[in-house]
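You will see chain A twice below: alongside chain B first, and alongside chain C after that.
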Partner chain A sequence: MTSTSRRAYGVKGAPYAFLLPATILFALFFALPIGYAIWLSFHKVKVSGLGLGAGARKEVWAGLENYTDALTDNELVDGALRVLGYGCIVVPVMLGLALLFALMLDSEKVRLAPFTRLAIFLPYAIPGVVAALLWGFLYLPDVSPFYYVLEKLGMPQPDLLDGGPLYLALSNIAVWGGTGFNMIVIYTSLQAIPAEVYEAAKLDGATPLQVALKIKIPMVAPSLVLTFFFSIIATLQVFSEPTTLKPLTNSVSTTWSPLMKVYQDAFGKGDIYAAAAQATIIALATLLLSFGFLRAANRRNKQDVSQGGAR
Partner chain B sequence: MPNTKRRRLFVRSAATSVAVALGATALAACGSEDASEDPSGPVSLTYWTWTPGMDKVVDLWNKGQGKKDQITVTVKKQASGDTLVTKILTAHKAGKAPDLVQAEYQALPTLVSNDAVADIASEVGDAKDKFAEGVWQQTTLGTDAVYAVPQDIGPMMFYYRADLFKQYGLKVPATWEEFAETARALKKKAPDKDLTTFSANDSGLFAGLAQQAGAKWWTTSGDKWKVGIDDAASQKVAGFWGDLVKEGAIDNQPMYTPAWNKALNTGKQIAWVSAVWAPGTLTTAAPDTKGKWAMAPLPQWSDSENVTGSWGGSSTAVTTDSKNKAAAAKFAAWLNTDGDALNALAKESGIYPASTSAQLSGAFTTPPDYFSNQPDFYTKAAEIAETTAPSAWGPNVNVAYTTFKDAFGKAAKDKSDFAAALQTMQDDTVADLEKQGFEVSE
Partner chain C sequence: MSSLAVGKAESAAGTTPGTVQNRPPLRRRIALIPTVTLLFGALYCLLPVAWVVIAATKSGSELFSTFTFLPGTGFADNFSDLSAYRDGVYWQWMGNSALYAGLGALLSTCVSAFSGYALAIYRFRGRETIFNVLLAGVLMPPVILAIPQYLLLAKADLTDSYLGVLLPQILSPYGVYLSRIYAAAAVPGDVVEAGRMDGASEWRIFTRVSLPMMVPGMVTVFLFQFVAIWNNFLLPYIMLSDDEKFPITLGLFTLLEQGANTPALYTLVITGAFLAVIPLVVLFLVIQRFWSLDLLSGAVKS
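And now, the complex of A and B:
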């Protein structure tokens, strides 16, 4: 009797015991810092008099002030718009190329596949800051070998670090660095498609193009959703590339992207309260956008499945 | 099943994104060293500095004077300038700032206003006459307190390619009017060359130029701060450079870029308004033109004047968190006034000392390697350092500097009105002070 009850108790408690380490780590290194950041975002500093000497600076409750300031701050909104423009170039181009490369690598007639795969993937292994420095060097007319060649050929030499071309220049760094990773994700799921499907398609007389469009792409749709989802998040968080290019040109301000503004406010201006509020807003926006996208994608998937069933 | 997997993935990546977005603020929770020591026994101090080679200088102390006094100092190498200010403030918030910190002069009011650095007047007050008045005044903020001991200074000077000036028949400008004429004359003779560039990526340069013109950016009256970033002197300086950029007499691209290095190294830019530390920068930026440069005093706003601004320079401060303030102050005074220490600082770290007696001794009896063609380099430098105008820093220099980079960067790019950029700088600085609760007088 006793042993049964003890066993029952032990079984009941076991899941909690297993959960405990993760829960503690989550609370300590995740929930707590986030909670602290949110707490900060509702506070501000209040100085009295000249603000010199002890006790001149107090942390006081700010209510929603930091949030209203952030939302009415044109710089933050402008930054978000700049990032939107940047994302509109990066995401489609990067995923388009990734899908194209994955399909090409997966086709039967490919040569030197392992080498090509590695070559396309390799830029992903290069840290973002290094990549941005490298490209920044190539973008600077006075030191870039490309400009030297253009000049020798008598071709026009566009200023890539200003105005519209700046977006292309920044996007290029992200596309160069990210295509390989996304290609591998898509390629892996292409490899998982069972051979019978292709065999059936071949027997039905499908051309390689038809196979790609009608079989491969629909079957790797979940991977596409996943890569799209990651890309959106990465885009919203763009920071190191523009930060690295900033010293090279007058066109990238210290608050070019929303995260740069957060960094600038926290470490340039020393206002961690405003920075915390902006960070919270960006986090919420990221959540909303990515969650919204996932839901939309899920709904479409379900529709497809039910339609497929009806057929 | 795929649905749960996706959901879990979603939660994890969403959480990651929050973590990344909040990472900056979460970092603020990190602390630093523990400084609890028994004040009567041997004392060990921690010193945050970015000066290269400082550990070797501190070794001198630990093996000599420090051994006698039982005060051991440990150097913790840090990132320079504003980054360190943020780190000190964060550590101070946790009550765990190190005993000693390096701080640029313009950062001192910020540190004082956060009650992060201690008044060490009684310990180091005697050192006052070792420094020029304008330098010492920066560590007192105009009060009876002393918040730091000056370490190095950056009196501003005019550097030019002596050989190219001769080749193009240019005269070294004595006034800013002549400077503008020189820029135009060069454009006429060699259209693809520039005298120099107006760079918006180092606010200290513009602050120093305004200081030379007599600007007082932060002043106090009673319990109120007054911000004078758009005062007549600063407007004059902004207008001057704005006009040069607008008419294309000088370049508008930022300095410290690979392109800038190349321009200096190939003689595309033939002059640089800089400070006493320029030889170090030129050595790495323009190695091929060694021995071709010369240094002259900064151009003046009128013939009768002889004044310069300062760009850079830092001090050693004792924190309020230190449990051994007297010992820390003793070390700070030794480091910046003792002959051997200053010699070592010059040799190991290449700094230009704030202490006037050190400016002409030891390492400074011979010119820097890069300027071997100018034997009286440091004699001249010491003379120029004496003419440094007083500076007036306030509690939010960081905000003004940040705004400068963006506002003047944009103005330089568009070749638009620099006065408007100056106004933005003034407005943002005042708005930030008011937001923090400072009283600001119009």
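And now, the complex of A and C:
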């Protein structure tokens, strides 16, 4: 009896023991920092007198002051608009290319597929900083092959690191780095479609294009939704690419993206309270946008299903 | 293109000699549009890599004077210049990155394996709650974490130390997620039950029976986390100020910052970027056959 009950206890306690390291790490490096950031966002420093001596600087309750400051801060709002514009280029182009390449890889009689698949996936292994650095040099007229060709042809040479083209230049880095990973995700779910699904279409004499549009894309819609979801989150938090391009051009300010602004306020200005409020707003906006998208996508899927059933 | 077509034709002829006469035209046997599209994609993705390989061979003057895709003669000089830069700090950065990514990914894989196994095999109170809370970590923007992590670690006097970069990256919600999916698929409940019947302890069952079954999935988790830590920029950028402790991403960034205004330093930055790309590309090529990508995306699918 005692041995069975001890064993039962051992089994009962085992999952908690296995989960202990993750729980401790989660508490220390996720829950605590988030709680602390939220706490900070509602506080500010009050300086009494000349701000000298112990106790002259006190943390006091600030209410929503940091939040209203952040939302009326032009630098933050401009940064958010810039990143929205950037995201409107990156996400559709990256996922469009990923879907296109995945469909091409999945098509019959395609040659060199293992090589091209690996080549397109390769940028995933290259750090964002290095990717930005490589493209940054390719954008520099002095060393770029594109400019060399344009010059030889006597064509105008646009400045890629300024104004509107800067968005394209930055977007290109993200598209280059992210297409391969998303392609693999979509390609794998294409591979999971059972062959029988295509049989009927083949008998009907459907062209590959029709099969792709009418069968393949609807079948991989769930992975498209998820790649979209994660791409939105990643795009809104762009930081290392514009930071890396900054030394190469004057057009990227220290507050180009909202995240850079948070960094600037926290470590440049030393106002961690404002930075915490901004970080919280960015996190909330990210969650709102990404989950809003997820809900909208799910609702549409359900509608499609019910319409399909009605038909 | 033509040699491929010949190869294809030969193999077709070899397998079905009777149908040689009825061989369909070339266009039908090779899907031309998909192949060409994919080759363009590959060209686009390889272009910057090819450029940095060639640019790293150029001396400072060649970089600005010769055609971009013409190899230069300065690689040996660039290499020794880079190695000599500030008493070899570049190789220190590489070593640091290997340490952060290697040790961090190893610890992360262990934690993920423990948690994923517990969540997949046991039925216990709070299981789904714990899983969902851990998973919510995936959605937390790194920025809302990194700044308070810095402030809190500053109180523990751990900023600007190896631990400050290592510790926050051990728990990977995505790794826990993958491990759970993989353990559920790879470890049959009967086997665990049989182990219990034999009187083995839960820990013994895990290490001797379940863990070996989970190895392929754990390789994926390790590699995924290795790449994530190696490529991370924000956390070390916030956490570190002593450049002896920088990982390679941060080191290259500071090199670029100093070099941007002095074209003489361009060659150092380019050679540094080239050498920094090599380890991950090699790792990538060697392991892509072991890397269970199905798992990576299968997990996203469900």
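Definition applied: the second predicted complex is superposed on the first by the 277 of 311 C-alpha atoms of A that agree within 3 Å, B and C clash if a C-alpha of one lies under 4 Å from a C-alpha of the other, contacts with A are read in each partner's own complex, and residues count from 1 in each chain.
One rule holds for everything that comes next: contacts are C-beta pairs under 8 Å (C-beta built on N, C-alpha and C of every residue); 3 or more make two chains touch, one makes a residue touch a chain.
For clarity, every value in this text was computed on a predicted model and none was experimentally measured.
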_Side-by-side fit of chain B and chain C on chain A, or clash_ = clash
*Who touches more of chain A, chain B or chain C?*
C
*asked:* Quick one: is A:V11 in contact with chain B, with chain C, with both, or with neither? Answer first, second, both or neither.
replied: second
_Once chain A of both complexes is superposed, is A:L168 in touch with chain B (first), chain C (second), both, or neither?_
neither
*Please work out whether A:P247 is in contact with chain B alone, chain C alone, both, or neither, and reply first, second, both or neither.*
both
*Could you say whether A:P33 touches chain B, chain C, both of them, or neither, answering first, second, both or neither?*
both
*Please work out whether A:V47 is in contact with chain B alone, chain C alone, both, or neither, and reply first, second, both or neither.*
first
*Once the shared chain is lined up, is A:P141 touching chain B (first), chain C (second), both, or neither of them?*
first
*What stretch of chain C clashes with chain B when the complexes are fitted on chain A: 4-12, 22-30, 40-48 or 148-156?*
148-156
*Overlapping contact positions on chain A, where the chain C interface meets the chain B interface*: 30, 33-34, 36-37, 40, 137, 142-143, 222, 226, 233, 236-237, 247-248, 259, 262-263, 266-267, 272, 275-276, 279-280, 282-283, 286-287, 290
_In the complex, chain A residues that touch chain C_ = 7, 10-12, 14-19, 21-23, 25-26, 28-30, 32-34, 36-37, 40, 97, 100-101, 103-105, 107-113, 115-131, 133-138, 142-145, 148, 176, 179-180, 184-189, 192, 208, 222-223, 226-227, 233, 236-237, 239-240, 243-244, 247-248, 259, 262-263, 266-267, 272, 275-276, 279-280, 282-283, 286-287, 290
*For the complex, which residues does chain B have touching chain A?*
2-3, 6, 9-10, 13-22, 24-26, 28-29, 82-83, 85-86, 89, 109-110, 112-115, 141, 143, 200-201, 220, 223-225, 252-254, 256-259, 262-263, 268, 320, 395-396, 398-399, 401-402, 405-406, 409-410, 412-413, 432, 435-439
*Along chain A, where are the residues that touch chain B in the complex?*
30, 33-34, 36-37, 40, 44-57, 137, 140-143, 162, 222, 226, 229-230, 233, 236-237, 247-251, 253-255, 259, 262-264, 266-272, 275-276, 279-280, 282-283, 286-287, 290-291, 294, 298
_Residue ranges of chain C touching chain A (in the complex, touch as defined)_ = 4, 8, 28-31, 33-35, 37-39, 41-42, 44-49, 51-52, 55, 63-64, 67-69, 110-112, 114-115, 117-119, 121-122, 124, 127, 130, 133-134, 137, 139-145, 147-149, 151-152, 167-168, 170-171, 176, 196, 201-203, 206, 227, 230-231, 233-234, 237-238, 248-250, 252-253, 256-257, 259-261, 263, 266, 269-270, 273, 276-277, 280-281, 283-285, 288, 293-294, 296-298, 300-301
